[in-house]
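The next part holds the structures, each set out as structure tokens.
Here come two complexes built around chain A, the first alongside chain B, the second alongside chain C.
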Partner chain A sequence: MGNKPLLKGRKIMNQLTIRCFKEDIILELPKILITAILCIAAFFTFTLSGSEADAADKENCLMCHKYKQIGRIDEQGRKRSYYVNENIYGNTTHRNVPCRDCHSYIDKLPHDEVTEEVNCANECHVKPPFAKENFSHKNIIKVYNESVHGVHKDDSEELKQAKPYCKYCHLNPIYTRVDEKRIAFEQTLSRCLNCHERKGVTQAYKHITHRLRNKTSRSPQEVVQLCSKNCHANMPLMESLKVSPESLESVETYNESIHGKAVALGSQKAADCISCHASSSIHDVYKKDHKLSTVNDANRINTCNQCHENVNERFVQIDVHSGLGREEKPLLYFVNLGLQVVFYASVLGLVGLMLLETKGRKKDGILWQIKKGTSWRGRSKRK
Partner chain B sequence: MATTTENIAITPEATEPERDYTYVEDVGNIPRDIYKYVKSDPLGDLPRYSLHIVAQHFLTFLTFLILASTGLTLHFADLWWAPYVMSLFGGPDLARLIHRFAAALMVLASVYHVITLIAGTVQKIMKKQFNISRTQIPILKDIQDITHDIRYFLGKEPYRPKMNKFMYKQKLHYFAIIWGTFVLITAGTTLLYPEMMATIWPNPQFAQDLARLMHADEAIMAITVIVFWHWSNVHLVPGRFPLQWSFITGKITREHQLEEHFMEYLHNLEEIPEEKEYMKKLLKDKGFETK
Partner chain C sequence: MAGEPKRLEHPKSVYVIGFIFKIITLTVLIGVVYQVTLSPHGPAVLVPIQKKMEESQRSAILDEVRRQEEYEKHRHFHNVVEYPELPENLRPVCYICHSDYPHSKSKKVRAMLNMHTQFFVCETCHIEEKKDATVAYKWYNPYDGNPEGPFFGTSYDPDTGNLVEVEDLFSKIAPYFEFADGKSETALKISDAPLAQDYMKVRDKLTPEQRDNVKKKFHVNIKPKGHECDKCHSKKGILDFKKLAFSPNRAIDLEQLNIKGMVTKYEKFYIPNLFSD
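Coming up: the complex of A and B.
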């Protein structure tokens, strides 16, 4: 039972790492001229593929981008791929969004070198059901920009550079259907199908339900991985940004806490970063002393209450990211030191006594003890 | 040439120490090294543990293994073997339930032990059979026994000390278990019910940190002591290999009783007439003079 989420979590983590890496390359777009994209389109074959990705690709970008070899070697000598896999893309969140809704800077074909990033605050030409406006991520971006991760006026230049943005964490995730007691996929969907057509509503339903299970659609393992890898676990970066000592060792202390250990072993219930540091709007991460912060003294009871029962004033005083530093917790540090001394003294003392006994009773001999222990045979063999 | 003169100087009396006899009425003089001549049943000859104690040992044994394997895996979550062991228990979400169930069973076994202990002691006091030297309570003789035994191991004493039903090692281990169980239950309760315990402890933050520290530390200590100390004492020490059956039968072999619990054997002689006959016959057969 537990094995599955564990392995699944690992698999996702691996994928994530690889994807993070690719994103990084794209982020560091070189300033020098980009050579023309190699379109290896020898024949304009009109292959009629039935893939759903076609629906969003009215302008036929895939005419070139469907070729696996499409890519180039950039100025740093790295291989860059511009291949878009229809089958994978057709199952992602953005499958119905036309390419140019995000890549809005493209205005002719073949297009010029790409120097701009996609802007997630763009309005797409997709209308959500029962809505008149075009869909946009504006609301969430507004929340995000106010959070600690958003770029603020008084930030140092270094900090501004280091701050993450949408694509840092969101990698056009693949729809995963939620199927469990609370949300039985087939059963619930069959009710939708009374009125709606299968094709559209299945996708819409997946889109909604994969966020219903937890605060995020991501597993705790993914969340921890996202927050720590490349950012909060990156000590040189964190030091250069002059974060607080608490924050500096936050990944380490989390990994040593019961929450962290359980998550590392594949728990789906234990708290991850988002569980405590953000409300249901997920992007509202603030510093501890900000009054909107979920870990602010005033809000901590509500935050802990998400999982713990009977949370009280005294319970929230407990340190969640608990380090054993000599400066921050001198008493605990020396208690720990004392326990270590007691541990080694007693174990070594007992083992020493045992070795002395073994030596002292050597007259019986090691071989004797194996061959002639009284537990084997009835008569004493010590004569 | 100095060595030869020394060799000559050694008298036969010095190499063969004088036998240490203990006189018992109706039996005769029992030499200290009589355990080399007795016949022992591997399954045990003389009573040592009641059925309650045997049951308690089994409960502790079982719960200890479960608690250690689930708890240690979580504690050492970053080691390479941890995910494999954890998946055996069905992942951390299930393993913690298993850990709590085993913990409850262990607490139950501890309570059972305390009840047995109190009831047994009261019973013995009522019957006026209570004898402090036959209990786990540490007495001055234990310290004398330790020094005597260490001197024996160093070759300075001819025989091991005449020890009580529970020798110094067993008393040490017993009190280590009592202390360990107390710490583990207290710290474990603090970890299991942090909301409730936070209202009880004077400084919840420190108490929780201390509980995290103590629970793990005490558990690792218990495991290390069990592996290096308990196992070697009950499995590897000469005469005990590969295992003693006492933990099932509740009985001790005659040889073991005479060697390590001589004083208790004297009590056995008083209480068991057959044992008295056996010893009398043995002394006669082996030709130990009855003075």
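Coming up: the complex of A and C.
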């Protein structure tokens, strides 16, 4: 029912624009007349659009970009896809942002080859609730710029190139339902529906609850993977950027730590990189001697306190990224080695015994063995 | 001794219990061996050897391709969707050299032309007509002799106005030659055609000149410049959209396509800014 105006609106828009091209006489009209007709067409689209992706696609960019094979192999031989899946896009955080709010350099159709990058600090024409200004990411970008990942004046050219920019870490986030144990989705949403329309409020509700799981909406495994792969675990890159020896082996020491092992084994509660190295602002990662760093000596109690109870001065002295180098920490190295020998000797010894036992039992059978005693050594005792 | 059970005449339950114990022992043993050799949580004694082997088999080209794919996902940003792909031997022969993105020359339309490879095979646009036959167009699916759809892009979802999502991702419109005597033959060459297979086998042994010579054979009945937009996107186009299972409103949209006008009639088409704020 509610979509009939939409379809009618689309049809009218299509017919209007079609006429622009179809009738030759229109070609002779001044550009202003064509623009006026398109404005009317656009008006119908704006006012009558109903699809989720349509909300952002007031200028009908999806007319071309909704096809999965739209793209090319560029001059460097790289595959460039220009496809935007309208059903998926309508379920992402950017679903209401008009395309040209980010791609502001596009001013004509067919548009030229895009060489400009999107600026995430652009103000978009979306007004958040409780605010009169247009929405923008500039606050979080300010935090990021001041962080260790932001580009600073005294950075070398190589370092500037290697620093992660917004899209390096972020993909257009798709809403996913938060774990029912944390938030009873339907039950809570049903309260909103008393006053609000289902379609709009469901998306808004997903938007709000999206982050109500951990500090980030990503799992600890995803966070560790993101920070490690291509960056902190890329040894040649890290060495070329002349990072400190501690930073150089940070991924390895994290993976060896209790946090790293728990995350590798699937824990959703154990600390990942962001848990310790950033506050709730997420982008405020600093070197540990920076006073704002969450792992600075002065701030560590608060940081550990996020998960641990009764955190005191002694607790925060525990080396979280503890390497086990023979030269640096010989005592720790040999204790660890000794414990490993004991552990493997016990397990392998037990398995060995089990194998011998199995071999022995094969001789007379388990029931006989239970009744008459062991038969694993020597000749069969069956008489 | 007479009457005494022989050693192997145990009750069946003994074998069952023995088997269970063996499985448990084997599992523990495999676990321990993995823990000692390859697991990141153990001493990983075999990891250096494994890394050395990987290093020797490593391809710089493959690494670069993977890195670019990863980069492209983030550059693209709008959630790249992975779709299943046809195996090499079922793809049209053109794919061997031209890939799924064959057009690159005309800056204005190359991406739009490549978009069409989702809907039809190369021959649909580039086929040279025969004097003694007419060309008919049908949906072609390498997995299904008679595909019935629904096909992608043939109808709109009445609820959202978006194109309907379909299960059939491989069907494409393909040309068939129809002769006066009623016989019909496909104009499509797929990669397991004898000539293509033979070429794949020996292409590394051929000189560039010889390779060019063979390639010419693939281009029999193929014209380098495809059809103009109007050839399909008009009321009397060569593709009968309704016959090809397009819904009536989708067929009208395709016959009277907006993009066609933009591409063919205007150098620049300025987007009005009146409603931007």
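Operating definition for what follows: the second predicted complex is superposed on the first by the 274 of 383 C-alpha atoms of A that agree within 3 Å, B and C clash if a C-alpha of one lies under 4 Å from a C-alpha of the other, contacts with A are read in each partner's own complex, and residues count from 1 in each chain.
In the analysis below, a residue touches a chain if its C-beta (ideal position, glycine included) is under 8 Å from a C-beta of that chain, and two chains touch if they have at least 3 such contacts.
Every value quoted in this text rests on a predicted model; they were computed, and no experiment measured them.
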| item | value |
| --- | --- |
| Contacts of A:Val335 with chain B and chain C, given as first, second, both or neither | first |
| First (chain B), second (chain C), both or neither touched by A:Val285 | neither |
| First, second, both or neither for A:Glu309, with chain B first and chain C second | first |
| First, second, both or neither for A:Asn255, with chain B first and chain C second | both |
| Touching partner for A:Glu113 - first (chain B), second (chain C), both, neither | second |
| Which of chain B and chain C A:Val351 touches, first, second, both or neither | both |
| First (chain B), second (chain C), both or neither touched by A:Ala264 | both |
| Of chain B and chain C, the chain that contacts the larger number of chain A residues | C |
| First, second, both or neither for A:Lys359, with chain B first and chain C second | first |
| First (chain B), second (chain C), both or neither touched by A:Tyr82 | second |
| Chain B and chain C footprints on chain A, overlapping residues | 3, 6, 255, 261, 264, 340, 347, 351, 354, 358, 361, 364-365, 368, 380, 382 |
| Residues of chain B touching chain A in the complex | 35-42, 73-75, 77-78, 82-83, 86-87, 89-96, 149-150, 152-155, 169, 172, 176, 191, 194-196, 198-199, 204-206, 208-210, 212-214, 217, 220-221, 224-225, 228-229, 232-233, 236-245, 253, 255-256 |
| Residue ranges of chain A in contact with chain B within the complex | 1-3, 5-6, 255, 258, 260-262, 264-270, 308-312, 314-315, 317-319, 322, 324, 329, 331-332, 335-336, 339-340, 342-343, 346-347, 350-351, 353-354, 356-361, 364-365, 368-370, 373-380, 382-383 |
| Contact set on chain A toward chain C in their complex | 3, 6-7, 10-11, 14-15, 17-18, 20-22, 27, 31, 35, 38-39, 42-43, 46, 49-54, 58-59, 63-64, 66-73, 78-90, 92, 100, 106-110, 112-113, 118, 125, 167-172, 174, 230, 255, 261, 264, 340, 344, 347-348, 351, 354-355, 358, 361-368, 380, 382 |
| Residue numbers on chain C that touch chain A, as the complex places them | 4, 7, 10-11, 13-14, 17-18, 21-22, 25, 28-29, 32, 36, 40-41, 43, 67-70, 72-81, 83, 99-101, 103-104, 107-112, 114-118, 153, 156, 158-163, 165, 249, 253, 256-263, 265, 268-272, 274-277 |
